[in-house]
């Protein structure tokens, strides 16, 4: 009997320590990132580090503004393209698609969401970038690019198709299956009776979706979008190939630029001293931004995810 | 009644738009898959698995044998660390921690840790294992991967074990089994296929990870299974070869991309099949 | 008064399943007709034929006709949206939409492009008064409808249906999820409403059918067993099956 009790205790301790390891790892990660970023943040000052666009190895000055702007812009651009498409897909899947195909397409979407980002990145480099350069950039340059004030911002200046726009599009392609999977799940939670009530009042499909299905699932939809945002913020491999990693003022959406992750992927191995510490600061910022996005998404999604 | 006609027109337009979105999205994703499969299959040679990388001027030679072995080694080491700790940790959360606040915190934290950008995990492993040891090494890569696996396994284990009905445990208690025995012989067994699926999905995730390996295990052209040195991996090889100007290397990258994609998809499908079999059985 | 609707030789199929068999049944104008029968007998299936709810799902087939004022409403040329507008439906459970009390009632009106704020307010109030829920919600029109009690929600749903001036209202076991007091209110409301509309009510509650309906139809295995005035069905049924069912010996 005594043996049983001590075995119980040992098992409990073993499992308890294992579960505490998650806490330890996350806390250690936060502490390490903070510790490693300290030199740069002290040297430049937090505010100056965040607001400076200077990233120069020879002078040894490093500011986070451009990578931050690049991450923000590419994520925003990707979401603005991916969200409508993914919602359209979810509407199609829950409301229009023949029942027999639904499960198959939903499963295919989940599989596509699991494909590693390096594959998306490689495809972006070899297929999407040349395609956009040949077919899409001339179109935009010829139309939006001729606008009086904003025009130059839509004109391609450098050849290669490696730029902020291409990076945003490959991000968009990556998160579409992700968002539409979550949106499909959220929209299929709407009780049939609620839909039927709307149809019973003579609503069309679109009216039912617009006024009943979307309002009913809006929290989960918003949660899904934020989750996707977190993904886009921290995505490295899909972006690293096609953003160009160029530390220069952004003069056009078709110009190479930097993101937090592209800077890290390209410079971490060769960095030392203040530059390395600045890179750790970027990692810390990314970690915190991602955590905030996730906790918000979790709250919106309720206990479901 | 023109109101009704307008409403129907709107409906038609909106539904057409949604279908168009779905069609465009699916077509695009199908294109990616087709490109990867076609390019990869076109570059696939037996020597991919049997030879080590050759210099770019040697046309028609060279493979990624060391990268395959390295990838296997890294995954094995990461699983050896992440899977047992994850399963045990998830067990505690499901069995002892149902009403404890700290356990709920750990559970929430694990949920969020699943989505920590993997490159950030790479920087962490660099700071604690590469810097002190003075160079890139396999252990750092394996630890980074293990940190990715851990929260996934913790959460799936917890979820799967919570789903096991309490009555089953009571039945075992009634036979005089101590709690740890009840867990290991009854609850684990009932939740086994679910936990196994979690492990498979975690493997699938890790098999495609590149960012956390870039500055931990790095890459190496040599055939060496020494974890204290840089260890080659498929994904980092893809990253470096695809960006190279040599056609032969780009071909290797496509072939490796094909293998990684197929592997990840197979692991995912297998995971889903396992869970479905259990639901039926 | 006469027949408002006439179900004429109606068969209905869910894929291969033959769910309704040659049902012929008149529905009198401004009367309450109850559909009763053991579960699975097809009464709800029949109810959902009237507003063609079955059209929402694949592989459903109708054969035969339902005439509304002499016009077949199952035909392919029928405007289903217009049909549903004139044929309100109240479900087993309250189905408030995730919006305010006011917007719930205004939903159908807004679909019909009623935009004038004054008109909307007037029609919403009228519908809520008709549904005997106005006094309870008049101070919380802007609040989310999902905060109301179950009984209030169900009357709100009835008000939402009434706001678009239906000719017929279909009740699908609409009191089954409510407490006895709320059920009684809904029953009184139905009796009041039949002055304006024709009511078809599916119920599993025999006493309720006896209390509120003018006519009762008993269904069994997808067929109509007996249809008559409610008093006749409950006191001197012609069919042995009916007698057994209404006396509680089977079902």
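In this document, chain identifiers A, B and C correspond to the written order of the chains, with residue numbering beginning at 1 in each.
The rule is simple: a residue touches a chain if its C-beta (ideal position, glycine included) is under 8 Å from a C-beta of that chain, and two chains touch if they have at least 3 such contacts.
This one's a predicted model, so the numbers in the text were calculated from it and none came from an experiment.
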item: Shared chain contacts [chain A and chain B, defined touch]; value: C
item: Per-chain Cα centre nearest the global Cα centre, belonging to chain; value: A
item: Chain at maximum distance from chain C, centres defined as averaged CA atoms; value: B
item: Chain pair, most C-beta pairs within the contact cut-off; value: A-B
item: Centre-to-centre distance between chain B and chain A (centres being mean Cα positions), rounded to whole Å; value: 18
item: Distance from the mean Cα position of chain C to that of chain B, given in whole angstrom; value: 53
item: Chain centre separation (chain A, chain C; CA means) in Å; value: 48
item: Where chain A touches two or more other chains, by residue; value: 204, 207
item: Of all residues in chain C, the ones touching two or more other chains; value: 81-82, 111-112
item: Per-residue overlap in chain B, given as positions that touch at least 2 other chains; value: 7-8
item: Touching residues on chain C, where the partner in the complex is chain A; value: 51, 53, 56, 58, 81-85, 87-89, 91-93, 95, 97-99, 107-108, 111-112, 157, 160-161, 164
item: Chain B contact footprint on chain A (complex, rising order); value: 4-5, 7-8, 10-12, 14-16, 18-23, 25-26, 28-29, 32-33, 35-36, 84-89, 91-93, 95-97, 105, 107-112, 114-123, 125-127, 173, 176-177, 180, 204-207, 209-210, 227, 230-231, 233-237, 240-241, 261, 264-265, 268-269, 279-280, 283, 286-287, 290-291, 294-295, 298, 305
item: Residues of chain A that touch chain C when the two form their complex; value: 98-99, 191, 193-204, 207, 211-212, 215-216, 218
item: Interface residues, chain B side, partner chain A - complex; value: 7-8, 10-11, 14-15, 17-22, 24-26, 28-29, 31-33, 35-36, 39, 84-93, 95-97, 103, 105-106, 108-113, 115-121, 123-124, 126-128, 147, 150-151, 154, 178-181, 183-184, 201, 204-205, 207-211, 214-215, 218, 235, 238-239, 242-243, 253-254, 257, 260-261, 264-265, 268-269, 272
item: Chain C residues touching chain B - in the complex, by the definition given at the top; value: 79, 81-82, 111-113
